[in-house]
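Both complexes shown next keep chain A, but they swap its partner, so chain B is in the first and chain C is in the second.
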Partner chain A sequence: MLSNLGSILVFLILGLSLLIIYNAFLDIKNNNQTIKKNIYNLSLFQITFTIMSFFTLLAGFIFSDFSIINVYENSHTTKPLFYKVAGSWGNHEGSLLLWINILVLFSYLFLIFNHKHNKKFRLYTLIFQNFLILGFVIFLILNSNPFSSIFPVPLEGMGLNPILQDPALAIHPPLLYIGFVGCSIYFSAAIASILSEYNGKQFALAIKSWVYISWTFQTLGIIVGSIWAYYELGWGGFWFWDPVENASLLPWFAITALMHSVMVLEKRNTLYEWVIILCLLTFILSVTGTFLVRSGILNSVHTFANDPSRGLYILLFLSLMIFTSVIIFFKERKKESYDFNLNSKETFILTNNWFMIFFLATVLIGTLYPIFLDVLTNAKISVGPPFYNIVIIPLVIPLLFLMTLGPQFGWINSKKERLYKTLYVLVGAITINLFIFYFFENYGFYVNLILITATFLVLHSVLDAKKSFKSKKKFEFSRIISHLGFGLLVFFIGVNHQHSVEIDFNLKTGQKKKLDNYEIYFENVSIEQNKNYKSVIGRFEIIELKNKNIQYLSPEIRIYTNPETLTYEAAIKTRINSDLYLTMSNVSRSDFYNIKFQNKPLMIWVWISAFIIALGGLIQFIQKKNEN
Partner chain B sequence: MKINFFKIIIFSFITFFLLVFWLGLKKDNSYNTTNLIGNKISSFQLASIHNSDLISDELLKQNEFTLINIFASWCAPCRLEHKYLIKLANQNRNVKILGINFKDKKNNALNFLNKLGNPYNFVAEDLDGKASILFGTYGVPESILVDKELTIIKKIIGPIGQRQFEEILKLTQ
Partner chain C sequence: MLTKKVKNRILFLFFIFLISLAAIIFVLKSLNKNILYFSTPTEIKQREDIPTGKAMRVGGMVKENSIIINKKNIQFIVTDFQNEILINYSGTVPNLFAEGKGVVAEGRLKDKTFFIADRILAKHDEKYMPPEIKKILENNAK
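And now, the complex of A and B:
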């Protein structure tokens, strides 16, 4: 029943897309200034049916309708409701439906929120957005239909992978999708802008809000994913330079560059071509990322069951997208002249772009090189953290430095006296770093330079924030917040990286282990039966020898029944100054447990500063909406 | 017509990327050590489980064929394949069998051999499982058949059954 309803809705979306494209083409030829009513109506129907189709799938999961293969494969009656809901996008087919939902949603919102802009531009955007929708709906129908039915109807489902049963992971895909798929709208808008010659400042105004909102969601999605890795994977790390993480980082670099360039385009009406390239690149990288993850070319926690035909379709679609956009770009582009004053704000904003493109290229090479090598020479290698650390860390120092200096320059030209203030701040940053050095008694050349420049950025941002509050120049505020967040993030990661403690050892219940600053006592093990898993819970007493502070930690080993899997849940005590992180795993055929103990200073502040970065984007978005 | 090199470069670049992706798709990239056939095994040196002798690749060069069998006392499929190893030891004089005891306790391993019989000409120990990585092992049981030049002729992942047993006999005639 639900399965039929869902399939019908998907076909309706397909039909409506075709109708919208046809009607929009007819309407472009009309000379009147307003878009015809029927296009609005068709779009409204399209978004309604799309949302309905998603709710149909959701209903299938909530009521455990196992006649739908997708529900049967990814759900189970004993699963808590929250994970039944999250299960609907925790698999390839369901997530593709979510993807289409966001495509359609952005298409509709762009149509109704942009009346001030040129009609031809809006219609072309709608047409290209609907071509994208069409492509993905056809993919869904041919290859990945979440509504395929199964007969006879199974009595019980196979369950969701336990590693995915985590609150952070339940919201990670929707956030990331809004971020990545949201880019589609300015991909379409960029092509539309070239075709309708609606360029320059006007184009910047039309896409700005969309860039901010998708940037914010991408940032949030990446943060939540990394929080999940920290809590769930039990290694105590939060970024692994895993190819799939990299795939999410690639569009983020492009969109961050875009976000900065679009400001230049708006204020100075220059860089139009570059902004177009970034618009196209961001979405192309998003789809490339999807291809890498879904085709099974990369193996990782994100890879769903592999199916080569799936990869082939995405690849075809990707090629079509790239070639269409590049051909249109080359054919229709107008020569642009650049007149730049070197000592001005746009130079510094462009500096950001140089860094972003460098990081983008580095991560792209690191991610694709193993694939290329494997295909071309059969050699298997993996590129890991050492590569990224060597290439990226030194470049972070000038980046932080320029992030502080850049915004101090006026739009066209700047005064010299501000430099003095900046110098004082730099001296302050070096002094603070000396204190940190003195306190931790640990020296690393790069880490110290990074800490100095990060502190420099943080202090300066705080001063700027004070000034902007006084002078009521609000448009600066979001920039200050994001830059402050980034400075803090790098600072905390630096301290965290340099001063973390990690120790592995084996322990029996009742035994004590003495470390430099800690004493760990393994009190006992208890067994608990939960709704869909059984857990073995260890109880540990951790005594900090310096201040006689006692903490209790209870890591778990969970034994899930559907499907049968073991997961190790870390016990984490989050405190203002540091996280205590403890995981235990059983050693087969012995009474010993393998214990991994970590002390991670200032961990909570890493998350807080990452959220501050995202907050900046949100503030910018809200301000732009109010201006309009 | 004017040739625009910039455009040509961009298009060839994109085409190249997409082509590699396409080839990558067709490639089976699950980790599979069976394609090691034809390669030589790397040189190794392991301690014998019985005494303080060293077992190295030099020793295998004296045999017509050697079957390197990676086993452990805690591994149930190893018990399953054990009777075929014994049959092989009794039937085929061309093949010598080197057992590598993988992530095991010495006493358990010796008990295992006492109880089920010892088909191995040599037994080496690899208590922390590190040496087995050299052989491209990713689980137990696994068997590698090499010839006099130490070239891998056959690789069996999982237990040896009747079919694999006959295949080994055929290869070592």
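And now, the complex of A and C:
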């Protein structure tokens, strides 16, 4: 039943897309300034049906309708309700439906919220957005239909992979998808802008809010993903430079560059072509990321159950997208002249873009190099984290420095007097670093530089915030928040990296392990029966030798029944100054448990500062909405 | 004679070119230093020059009944069903590490039959098998 309803709805979306494209083409020829009523109506129907199709799938999962293959493969009657819901987008087919939902949602919102802009531009945007919708709906129908039915109907489902049964990972895909698929709207808008010659400042005003909102969601999605990796993978790290993570970082670099240069386009009415390129690039990279992750072409430690035919379709569609956009771009482009002063804000924003593109290129090379080498020489390689650390970390130092300096300059041209204050702040940052250096352990030259520049940015952002409150210049506020967040993030990661303790050892119950600053006592293990898993819970007593502080940690080994899987749950004690992190596993038939103990200083602050970065984007979005 | 503006522009472009060149060389150099080659036990056995001391990856299946755990570390045998290699690792193993399942170890070769791992790679999916190992198994089946 649900399966049929879902399939019908999907076909309706397809039909409506075609109708919208047809009607929009007809309407472009009319010279009046209002869009015809029937286009609004068709779009309203389209969004309604799309949301309904998603709820149909959701209903399938909630009521465990195993006549739908997708539900059968990814759900189970004993699964908690929350994970039944999350299971609907925790798999390839369901997530593609979510993807289409966001495409249609953004298409509809863009249509109704942009009354002030040129009609031709809006219609072209709608047309291209619907081409994208069409492409993905066809992919859904041909290759990955979440509503495919199965007969005879199985009595029980296969269950969702236990590692995915986690609150952070349940909200991670929707966040990331709003971020990535949200980019589609200014991909379409960029092509529309070239075709309708609705360019320059007007174009910047039209896409700005969309850039801010999708940037915010991308940032949040990446943060939530890495929080999940931190506590679920039991490794204690939060960024692995794994191909799948890189795939999410690539569009982020492009969109961050775009977010900065769109301001130049708005204020100075220049860099139009570059903004267009970035608009196109951001969505192309989002789809590329999806292609790399879903096709299984990348050798990643994270996996999606993958299938080469999916890859082939996405690759074809991706090539078509790139080809079309490049042709339109070069055919219709106009010469633009650039005239920048070295001491102007726009020059610094361009510098930011250079950094972003450099990071993007680095991560792209590191991610794709193994594929090329495999094709060319058949050698199987992987690029290790040291590559990224060596190439990217040194550049963070000038980036932080310029991030502090840039905003102090005004548009077009600025006076040098304003920079004296900045010099004092730099001296302040160096002093603070000396204090840290003196009171804690000493550390390397690199770390010194990173801490100095990070402190420099943080101090200056705090001062700017004070000034911005006084003068009520609100425009600056979101920038200050995000830059502050970034400075704090680098600072905390630096300290965290420098002072982390990580020790692995094997222990039997009742045994004690003495470390430099800690004593770990493995008290006992107990067994507990839960709804869909059994867990072996260890009880550990951690004594900090310095202040005789005692902490208890209880890591678990979970044995899930559907599907049968073992997972190791880390026990994490989060405190203001540091996280205690302990994982336990037992792989063989011996009495020894395999223990990993870590002390990660300031971990909670790493997360908080990352959220501060995202907060800046949100503030910017709300301010823009209020201005309009 | 070139005007000052044109001269400046040429200088600027030249500067950009130099910087990009330096950046590319830097990136490629670090890339070459930090790639990890993946080998199977059979490949290691067949190779003449074993790269001891250089970081690399070894993959295969964990042999049944081969895991030995003691106070300090874990030992297990990785097999591609033709040849085997003994792996020594101190640290916690990731989720889904088990006898009879696929594994990728990152570390250094001591000699042709002994490998010291610093990291055992995690996999999210119990049905998952590293693509390299899948290929090996397919080849072996032929």
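Assume the second predicted complex is superposed on the first by the 622 of 628 C-alpha atoms of A that agree within 3 Å, B and C clash if a C-alpha of one lies under 4 Å from a C-alpha of the other, contacts with A are read in each partner's own complex, and residues count from 1 in each chain.
The criterion applied here is as follows: a contact is a pair of C-beta atoms (placed from the backbone, for glycine too) under 8 Å apart; a residue touches a chain by one contact, two chains touch by 3 or more.
Given the structure is predicted, the values throughout are model-derived calculations rather than measurements.
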Superposition on chain A - do chain B and chain C clash or fit: clash
Which of chain B and chain C A:Asn30 touches, first, second, both or neither: neither
Which of chain B and chain C A:Asn4 touches, first, second, both or neither: neither
First, second, both or neither for A:Tyr568, with chain B first and chain C second: second
Chain A residues touched - chain C or chain B, whichever exceeds: C
Which of chain B and chain C A:Asn38 touches, first, second, both or neither: neither
First, second, both or neither for A:Ala379, with chain B first and chain C second: second
Touched partner set for A:Asn549, first chain B, second chain C, both or neither: neither
First (chain B), second (chain C), both or neither touched by A:Thr431: neither
Residue range of chain C overlapping chain B upon superposition on chain A, of 8-16, 26-34, 80-88 or 98-106: 80-88
Chain B and chain C contact sites that coincide on chain A, given as residue numbers: 296, 299, 588
Chain A-facing residues of chain B, complex: 7, 10-11, 14, 17-18, 20-27, 29-30, 74
Partner chain B, residues of chain A touching it in the complex: 291, 295-297, 299, 308, 311-312, 315, 318-319, 322-323, 326, 330, 368, 371-372, 374-376, 588-589
Contact set on chain A toward chain C in their complex: 161, 163-164, 233-235, 296, 299, 301-305, 358, 361-362, 365-366, 369-370, 379-384, 386-387, 390-391, 504-506, 563-568, 583-585, 587-588, 590, 592, 594-596
In the complex with chain A, residue positions of chain C that touch it: 23, 26-27, 30-31, 33-39, 55, 57, 67-74, 90-98, 104, 106, 121-128, 130-132
